[in-house]
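Order of writing sets the labels: A, B, C and D. Residues in every chain begin at 1.
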Amino acid sequence: MGMVGGGSGAFIGYIHRLAARLDGQIELVCGAFSRDPKNCRQTGQSLGIDPARCYDDYEAMMAGEAALPPAQRMDFIVIVTPNHVHFPVAKAALEAGFHVLSDKPATLNLQEARDLSDIVYKSGLSYGLTHTYLGYPLVSAARAIIADGGIGKVRKVFAEYIQGWLAVNVDNKQADWRTDPARSGASGCMGDIGTHAHNLVEYVTDKKMTHVAADLTIFVEGRRLDDDGSALFRMEDGIKGTLSASQVCVGRENSLSFRIYGETGGLEWYQEEPNTLIRTYVDRPTEIIRSAQGYLPEHIQAQYRAPAGHPEGYIEAFANVYLEFAEALRTDGGVKSGMDAALRGMAFVEALVESSNNDSAWTEIKP
Amino acid sequence: MGMVGGGSGAFIGYIHRLAARLDGQIELVCGAFSRDPKNCRQTGQSLGIDPARCYDDYEAMMAGEAALPPAQRMDFIVIVTPNHVHFPVAKAALEAGFHVLSDKPATLNLQEARDLSDIVYKSGLSYGLTHTYLGYPLVSAARAIIADGGIGKVRKVFAEYIQGWLAVNVDNKQADWRTDPARSGASGCMGDIGTHAHNLVEYVTDKKMTHVAADLTIFVEGRRLDDDGSALFRMEDGIKGTLSASQVCVGRENSLSFRIYGETGGLEWYQEEPNTLIRTYVDRPTEIIRSAQGYLPEHIQAQYRAPAGHPEGYIEAFANVYLEFAEALRTDGGVKSGMDAALRGMAFVEALVESSNNDSAWTEIKP
Amino acid sequence: MGMVGGGSGAFIGYIHRLAARLDGQIELVCGAFSRDPKNCRQTGQSLGIDPARCYDDYEAMMAGEAALPPAQRMDFIVIVTPNHVHFPVAKAALEAGFHVLSDKPATLNLQEARDLSDIVYKSGLSYGLTHTYLGYPLVSAARAIIADGGIGKVRKVFAEYIQGWLAVNVDNKQADWRTDPARSGASGCMGDIGTHAHNLVEYVTDKKMTHVAADLTIFVEGRRLDDDGSALFRMEDGIKGTLSASQVCVGRENSLSFRIYGETGGLEWYQEEPNTLIRTYVDRPTEIIRSAQGYLPEHIQAQYRAPAGHPEGYIEAFANVYLEFAEALRTDGGVKSGMDAALRGMAFVEALVESSNNDSAWTEIKP
Amino acid sequence: MGMVGGGSGAFIGYIHRLAARLDGQIELVCGAFSRDPKNCRQTGQSLGIDPARCYDDYEAMMAGEAALPPAQRMDFIVIVTPNHVHFPVAKAALEAGFHVLSDKPATLNLQEARDLSDIVYKSGLSYGLTHTYLGYPLVSAARAIIADGGIGKVRKVFAEYIQGWLAVNVDNKQADWRTDPARSGASGCMGDIGTHAHNLVEYVTDKKMTHVAADLTIFVEGRRLDDDGSALFRMEDGIKGTLSASQVCVGRENSLSFRIYGETGGLEWYQEEPNTLIRTYVDRPTEIIRSAQGYLPEHIQAQYRAPAGHPEGYIEAFANVYLEFAEALRTDGGVKSGMDAALRGMAFVEALVESSNNDSAWTEIKP
């Protein structure tokens, strides 16, 4: 694996490296960690990377790696830069023949995502998107229960991702690019975290969201992108719901959750207590489904590293995303789910922004 | 106190009697408990009411009581009939000179509410509306914290009231009238329980909701009124939020909650755990405020009957509503807050229905 | 009903009156509320009691009531005095022919309890003890599940009742008598609240505790009775467990709980969230059993006043104790369970004190 | 790092490798993974270990590594065998000049632990013991609060570690050796998990437990070691408490917890929700202290890998133990805390067993 971005001071690159390393299946062999050559070299050095493979920029990295014998060169790149760089790096990597695993959002806007999709599908290469929260096994368990008819036809969905860290003006690198339209895209909060909620809902229900009626807000004076938003939504098969994302909910940390109710049952999951899935019934007590328990389907149990009662968290979920990508490369080299999620996510954000600018009118999501 | 409605088989009349009786300040002295004279008499008998004061209908009750010497006649009536009867009974009582405490909604529609308001204000009598959940002391504590600037200027509000009991077709008296437009009004779920969430939000923030963009749904085939709905809303002073009410969320019981976030803090409260109020801060640990604790304001402590750790519930909250009404009658005989809440609640429901019928367009709430 | 004790300033008398009044089946008709005649009369007046039936002391009350025609006199007395007065009042009442409902502990020591038992059984009258927490319906539900074999043969029990209000020296009427050996008995904390935990465990398991090895402590300097204690215990049929009671656990309110594990399942209940009962299984998800739900046995459902989701609390539990006593008087006039619980409770306390004084040696509980 | 034990089928060796690998500071370079040479070689191969450094037994490993040039040989060994092998392997490693990180318990009995202590202190080498739960940052936060006087002088402690997995007879490798006295030591449940609770209490309070009065039990027929036990205990400075460990509490997973109450506050922590620490006060609301928050001391914040709201779990805690050991080797090569904890843990277990065999008499813990 080679990494673009993730120099010192970058939070998410560090997390990616932990996640990639955890299971001992993926080795970081090269990187273009920063546009600052000194930062890049120092980061590489601290990670034990061959200095010759610490590249000044991603173009050099693609060229350098492609020039190596196949057995030595990296298998894929991971993109952990600010959003506006995701597309050009992915494009360059695919054109140089490397699989891509990208931080979300895939691109800065929907048009770029469509362009990227063309490139991916033509390339025959794999493209993964790190929707980390899908790596929690109980999220997959929820999907399996619904697929199996366990709550009947889905009717109503509540999805949320609320944080409080931008309730006041924050002056740091993380906040900086996230609130800059040129680097973050057309939406701030919704693009950054609302998309996770959208992705989670579509994944768990296995249904597509079709329309939104949204109200995006900038609460903190001087900010240029939404720091809060709520939307009514409609999905295939008559499902309805609400989705809220906010970064001004003081005291909330990373409160991503879904609550999904069908004709005969419901499922509720909260990212901050990821080892618990709540299942409701019409005429029986609510059940507390717990991680790694023997009553889970075997393919869910297999996603855990320790027995029940040993909490696994965000890094393990992230590592599961890496494992799945690595497994796909080993088996068929044909991961496309990331690209589809990328397109749907960008279309979701554009629909939200359009609706909010249009007095919250119902707006179709058109990937 | 005299009661209209609440014969055998009626759930809410029974609860009203418990609540009125608990503190020993209010005596039920007469009633028109049912349009079925036998039910009426039997109910009265089982409650130890003088048979002469078990009236066949509310008209007879007003006339009969008015004919008694002032010291003997009832002080006020409580209305616990299905919704469509609330208005005529209240009108008759006020015209006969009796104060009124009414179950919500006050009337079947906004026009009736406006008419009622005229009658109330002209009468000089008191009119109370049993928004039971305002009787929980920690709801008042939340209002006091916000009024005191404890969370700064309010920005975002999440309000919900979700239940699951109508997820399937229910064949009983309670479900029957609640899903009948003629007896329940223009909205089912929103009128029945969404109004509680609306009322709670306005009470706690002490701000008015001004606009809604709503999507109401009938999920269960054959039903004639919404059994689910969500709305985006806007309040005075730039507050935004979402409000959902549903009766098809399988497994949910009476999940009324608010989460309110301001510039410097937040408050979260859940009706099913009413003895806990969660308070968040920008840079301090979240606090678990508990009922009856010595650190609460004295006027909040005074609303509890037992020391901290002895959970008080729905009936105590309901009794607090009665105590407040009784206290108002004793002191100035001028309770009008119920009328204002009634108008606002009816206007809220009409705006929701209009918005939902108009493709969820933003619709003003006009009491 | 007549009340002995419960004058102004007395917490528990007030709660008894709420509980007795709630369901409209029991009327307070007379009292000896205080040894201070003025307090007694004022209390009676505020409660609307006939001044002729506000007695100066309990002896006068027994005589006065016995002199009334049977149809007018009280049916039973409730004793809500400090502990040391429980026995003489109960004795006087029984000798005067009145049923007795007594606050716990029944007496100041085991010898008095044995004497009282003789009197009760000879009298043919009813004797109830207000172990309030047995009034929570889910406590009965737990007992029913165990009786039905729902968790298999019971093995291990954890019981606790921890509070924090005596962590510092408290100077009030409540704390005063509770920490005075002459008025409270041989034990402070264990006698006051540990006995509730003991009673709960025996009730729910329907097994008797036979031996304890205890360590009682006075943590707050100057106090004369234990304010904390823990014990290992053994029950019939090889059940083992621990029981702790403390009044110095800062921040704890009224944390009474049991956790009971059998061969095939477990049950956990916490008084501060009394509407939830947790049920565990060997190979299935844990269940959240909730109050008033349709899946509960009918006799449990019948103990609730409102539908599921309307939390019922301490006062409702207390009222259930009154209802059960009243029902027993109506049907057979032969409640003896209170007397048996009284004997067992006093024997439990004496065994604890003896064990603690004897280097925590295993000590038999001998009622 | 070299590993002894941890061949295929061994749970804990796998976890150790994840934890050691996570932060990229420790490399597994050799191992004697199994007494079965084939298992050993296959494990090594799957981990990418040089076959020449997959040793047939630990003696060969010590010899082989010692024969390598210092720059190539392993720095330390980690011992992940069943309990009875811990001591001989540690002894051999120390005598061959290698630092040791050992799974707990350090030895099979107290005498071996004393012998080991002599060897460690003479060797000048480091000896660490993987009391994993100390790796949770909020455990250290609790210790810091108490050290800082944050809850006043400690009075009462509740410690528990309860599981349910041995409630029925379990037939697998994990259960097998844990219930065999020859391989597990004098105690089953208490030795396996009770020691974690003991260690946690001494670490957080920074006080030593001095006496226990214990009751150990074998609930499942045919088992040869305790599968349950409870103890009263006393600590320095008048602290009292209870400690329970059980493997027959059906439905409990890994419920390790402490609740510690001092003169002015309390702290409560539950391993299954490790990112929350509850702090109580005499006259203020309870606080929910959360992982990675900015209000934590900097040395606690530094133990987290991701921002607040990204739950970290058991593997991260385990990795923190490795990081601390590695840091100690880098700085002074003189970790002895593991040895002290080892001695104290073995003395605790021996005191429990002696007390339980002696009618639960108070028994001194003599390391």
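As a convention for this text, a contact is a pair of C-beta atoms (placed from the backbone, for glycine too) under 8 Å apart; a residue touches a chain by one contact, two chains touch by 3 or more.
Model, not experiment: these values are computed from the prediction.
Looking at C-D and B-C side by side, the one with more C-beta contacts is C-D. Each chain gets a centre from the mean of its Cα atoms; for chain B and chain C, those two points are 35 Å apart. A separation of 55 Å divides the Cα centre of chain B from that of chain D. Mean C-alpha positions place chain C and chain D at a centre distance of 43 Å.
Shown for chain D are the residues in touch with two or more other chains, namely 252, 286, 290.
Taken together, the touching pairs cover every possible pairing of the chains.
Put simply, chain A touches chain D in their complex at residues 11, 14-15, 17-18, 21-24, 47-48, 163, 165, 252-255, 271-275, 290, 305-316. Across the complex, chain A meets chain B through its residues 151, 155-156, 158, 164, 167-168, 213, 215, 217, 219, 228, 230-232, 234, 240-242, 244, 246, 248-252, 259, 261-266, 280-282, 286, 359-362. If you check the complex, the residues on chain A that touch chain C are 279, 283-290, 293-295.
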